[in-house]
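Note that chain A is present in both complexes that follow, paired respectively with chain B and with chain C.
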Partner chain A sequence: MLPGGFSYGDYLRAGAIARFTNIMPAIIKMANAGKPVFGTCNGFQILTEAGLLPGALKRNDNQRFICRTIPLEVVNNQTIFTTQYCSRERIALPIAHADGSYYADEETLDRLEANNQVVFRYAAENPNGSLQNIAGITNERGNVLGMMPHPERAVEAILGSVDGLRLFKSLLENGKVRTEA
Partner chain B sequence: MKQAMTPEEIKEQKPYLDWSLSEAEYDYIRTQLLGRLPNYTETGLFAAMWSEHCSYKKSKSVLRLFPNKNERVLQGPGEGAGVVDIDDGQAVVFKAESHNHPTTVEPYQGAATGIGGILRDIFSMGARPIASLDSLHFGELTDPLMRMKVEATVRGIGDYGNCMGIPTVAGEITFDSCYQGNLLCNAMSVGLMDQKDIQQGRAAGIGNAVMYVGAKTGRDGIHGATFASTDFSDENETQRSAVQVGDPFMEKLLLEACLDLITKHPAWLVGIQDMGAAGIVSSSAEMASEGKSGMELNLDLVPQREPHMSAYEIMLSESQERMLLCVKKGNEEDVKKIFDLYGLEAVTIGRITAGHDYVLFHDGEEVCHLPVASLTDDVLEEESMERKPARIEEAEKQSAWEPHITNIESTLADLLQQPTIADKASLYRQYDSQVRTNTVVGPGSDAGVIRIRGTKKGLAMTTDGNGRFVYLNPEVGGQMALVEAAANIIASGAQPLAITDCLNYGDPNDPEIFWELHQSVQGMADACREFNTPVISGNVSLYNENNGRAIHPTPMVGMVGLIKNIDRVIPSFVQHPSDKVYLVGKTRDDFAGSELQKMMIGGISGVVKPFDLSHTHDYMKRLLAVMETVHVASAHDLSEGGLGVALAEMLFHTDLGLDLTLPMINADQFFSESPGRFVVTVPERAMAEFEATLAGDAVLIGEVTNSHWLEAKLANGEVNANVCELQKKWEEAIPCQLKLKD
Partner chain C sequence: MTNVRIFVTYKQSVFDPQGETIKTAIHSLGHDEVTSIKVGKFFDVTLAATGSDVVTAVKEIADQLLVNFNMETYTYQVMEEA
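Up next, the complex of A and B:
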């Protein structure tokens, strides 16, 4: 799990320094072994910087940090991260980022679509200028998920939403993570 | 390094006048305190330590009016931040600080380092910052330069706070031409800690080490403290060297390292203090004074970012992200190891000495040798002249302004588009309000609410200040600032605990401005006593003037309240159809200083009328009590724009409406800004208890409907407004003026 949060102050470029940290070779090894790797926000940025996911995250097209809850569509509910969601289900998750505009060349985008690697799309409006409204993608094998929205901020009713909880429950259901006894 | 001037040259050429040290002060230091001529470094240290920013020499007499103790206060003013008991061995720590001058000159860095500075005050007490708030007062958005400053200020706050991972959960933003040349940027930070970890800024124990930790020292921010203690004019608009540059990632590392040390190794540490205004000199001298110790520092050991810095520059630099520690002799290496882990410098730069002397060495020479107290305690308190302004005498003779509103609906729509009232989402969405996942209520409500994990408790917090009322009637305006903050806290279902403040005023050498300061502090202090909310921390920002024009006197109240049961937080918008609607508090013809008046006549005038403080407190207590026992569905306090605006705000982002009958309120009064009022919605089953508890102070005015229309029958007119249309206007006003695209 690669959480959000301005690793190394986002200096140089979001995720660009974190990819050189000592833990990264181990994460790459895990990803290559087919173990689940999940990155949200800064974690997604690190995964693209490290080459575990294709494309890049550019500055939001309004050039500003955006913190708000927005609607998403679950595009692919057949991943180990999303089996508890319905296909095409609309959920609401918070976003909180300045560099979340997903970019990839056309060939990569075509491949992502063809392989069902786009997992989440911004549903009502595109907050940051991401191409094809992409909010979250997996790698080709489906064991690495990166997404800009924050499911971990939407797991308790008192904080406003529980729409993110099922992402973690999906991993449990699929035997990919275990709860502590 | 050689001193830039000899003591004799200083006496002759008086360079200290440029550093805002007066000739009388210099002569007093020379003849009464030292009995010799101070050298260049020493004179610079006096100028900084004796500035208003560090010494409060002008405002001290007035600050003594504030209560600062009650049964919950664990630490009052004088430390990095105040500390209040919130039961279970836990404490809340909070403080607000102004960064008006730096933000006016360089909005992005000024605002960013304002956040950085206040965060260090919190974690230097041993607390983890859990939320930030701000209070921003800008000039009118019609000025393109002001639009740029608004955007840069917001970006500065966001970039620093977001990167630190501390949510910005509440605040206020107002606009008035009086802030055109001198905007106000007040930042507040709230921290949480175990009471056993409370730290102090003291240095004691002969032989103990004085350790410097964090970022290196550069030439940035030299004389920031004295810069904040003089007026602005176009001539010194370019004083950019007095503005510091922030590095939030460095601050994050410093935060974690300091909290590691404080919570895991308390035995190694004697005291800790942020290097804020006037950098090393103020932190070290204040720590020595607090510990009644002597101190010797070797400036050659201070980590430096630039070559050839003089003793004077090293001591007065306001480089950011630095802390000063007093560490037990023998634990220096242990402390260093903790900071090493975070890649931070930790260097022993001096020792605690016997006696009470403050001694500095630089390039092998003694460059300063002063009694500690001469820097911190012997400051000449200044007596100020005060005089009631002619404008207030004049206003008291004139008859009150009356709005005579004919079209209620268009007045409401127009008010909702006034920048001070309009939706600020396009600005506060640039702040991460949810990070740390404890934010129960974020920006855009009466108060921000943070839950305390592992307990049922929560903390409500707000910042409030309305310079217009204070300008027209400082004493009553001061009371209103406190009542407004308490109303925001109580509307969220929380018990007010204590306050911090930023006192933003013009040049106190002007007797009228000192009168405003004195009167408004008196009003605030009276209200603090009434509400049992002592002042536990804060700061004073004087000389907020541009080309001789002062800002409105703008005391900012930052209040924190305790919620016993976080599941009972009261929302500020309506919840269910058929809930009954009550208006709490008395509506009068209060138009002086209102948004309505400013909108209709382009300015403010008249007399802000006194109100019954103790009665207001009495029914507010009863309101809180009933919120804790029966289910109150929602509550919203009435502020700018009065009842009309509050009702509309309670419907925004819902799909509900209101059907109200208000025979006691006329069209003008629909927008009156009488203090201490609320709209509360209550389910039918709770009506009896609500009415019994608030008998005489709440009146049933109607109910919540399914229609998404605001319908109200007033004494002399009707409102039938489509809430969608109102909300659209309210939301679009600021982005439109800023030409922002969200």
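Up next, the complex of A and C:
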């Protein structure tokens, strides 16, 4: 799991320098072996910069750091990360980023849609200008997920939402099934 | 030694929020004739190399690090060889 943060001060581009850290070859090896890799916020940015996920994250359209809980739609509940959600379910997760505007060229966007790689979409509003309201995507194989919202900050009622918990439960459940198989 | 300036900008098709914000500020100065502003960045690079080695190095550095080709493009200018 690649957490959020501002690795290397977001110098050059968010996530651009972190992909040169010593651990990245091992993460790329894991991803290529089909093991689950999950990146949230800065982790998502690093995964795109490392080429493990298509597209890029650019500065929010409003030029501001945005920190609040927003509604999302679960677009694909057939990934190893989302089986405990219902299809089209509305959930609420916090976002906290300045560079979260998802961008990819039209061909890439078409491919993402055709392969059901869009996993989460901003539901009521698009906070950052992401194309097609994209909040989270997987790679083509489905074992690498990147998303700007923070499910790990929504795992207890005291945090304001428990909607992120099922992402981790989905992973546990699917990991167990795969181990037993 | 060779000094090279590498310019990185968003591709034309990419919305540049910084540029739009600056354009609004310029309009408030009264310069309504400004129709577009695109913000980019440049890198002044000094290389202990000359000639075609410089071009090879600059292209590799730009391709592998300085530019994210999903959204950006670049040009470069050899400033001086000494």
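The working rule: the second predicted complex is superposed on the first by the 175 of 181 C-alpha atoms of A that agree within 3 Å, B and C clash if a C-alpha of one lies under 4 Å from a C-alpha of the other, contacts with A are read in each partner's own complex, and residues count from 1 in each chain.
We take it that a contact is a pair of C-beta atoms (placed from the backbone, for glycine too) under 8 Å apart; a residue touches a chain by one contact, two chains touch by 3 or more.
In this text, all values refer to a predicted model and were calculated from it rather than measured experimentally.
Colleague: Look at A:153 in the shared chain and tell me whether it touches chain B only, chain C only, both, or neither; answer first, second, both or neither.
Modeller: The answer is first: A:153 touches chain B but not chain C.
Colleague: Output check: A:10 vs chain B and chain C. Expected answer is one of first, second, both, neither. What do you get?
Modeller: In the superposed model, A:10 contacts chain B only, not chain C.
Colleague: Answer with first, second, both or neither: which of chain B and chain C does A:59 touch in the superposed model?
Modeller: A:59 sits against chain C, while chain B stays out of touch.
Colleague: Touch test for A:103: chain B only (first), chain C only (second), both, or neither?
Modeller: second
Colleague: State whether A:68 touches chain B only (first), chain C only (second), both chains, or neither.
Modeller: The answer is first: A:68 touches chain B but not chain C.
Colleague: State which residues of chain A lie in both footprints, the one left by chain B and the one left by chain C.
Modeller: Overlap of chain B and chain C footprints on chain A: residues 62.
Colleague: Considering only the defined contacts, which chain C positions touch chain A in the complex?
Modeller: 10, 13-15, 17-18, 21, 65-66, 68, 70-71
Colleague: In the complex, go through chain A and note every residue touching chain B.
Modeller: Interface residues on chain A, with respect to chain B: 4-6, 8-11, 62, 64-68, 94, 96, 98, 150, 152-153, 156, 158-159.
Colleague: What does chain B use to touch chain A in their complex?
Modeller: Contacts found on chain B: 155, 158-159, 162-163, 165, 247-250, 252, 425, 429-435, 437-440, 451, 566-567, 740-742.
Colleague: Which chain A residues qualify as touching chain C in the complex?
Modeller: Contacts found on chain A: 12-13, 16, 48-49, 54-56, 58-63, 101, 103-105, 108, 129.
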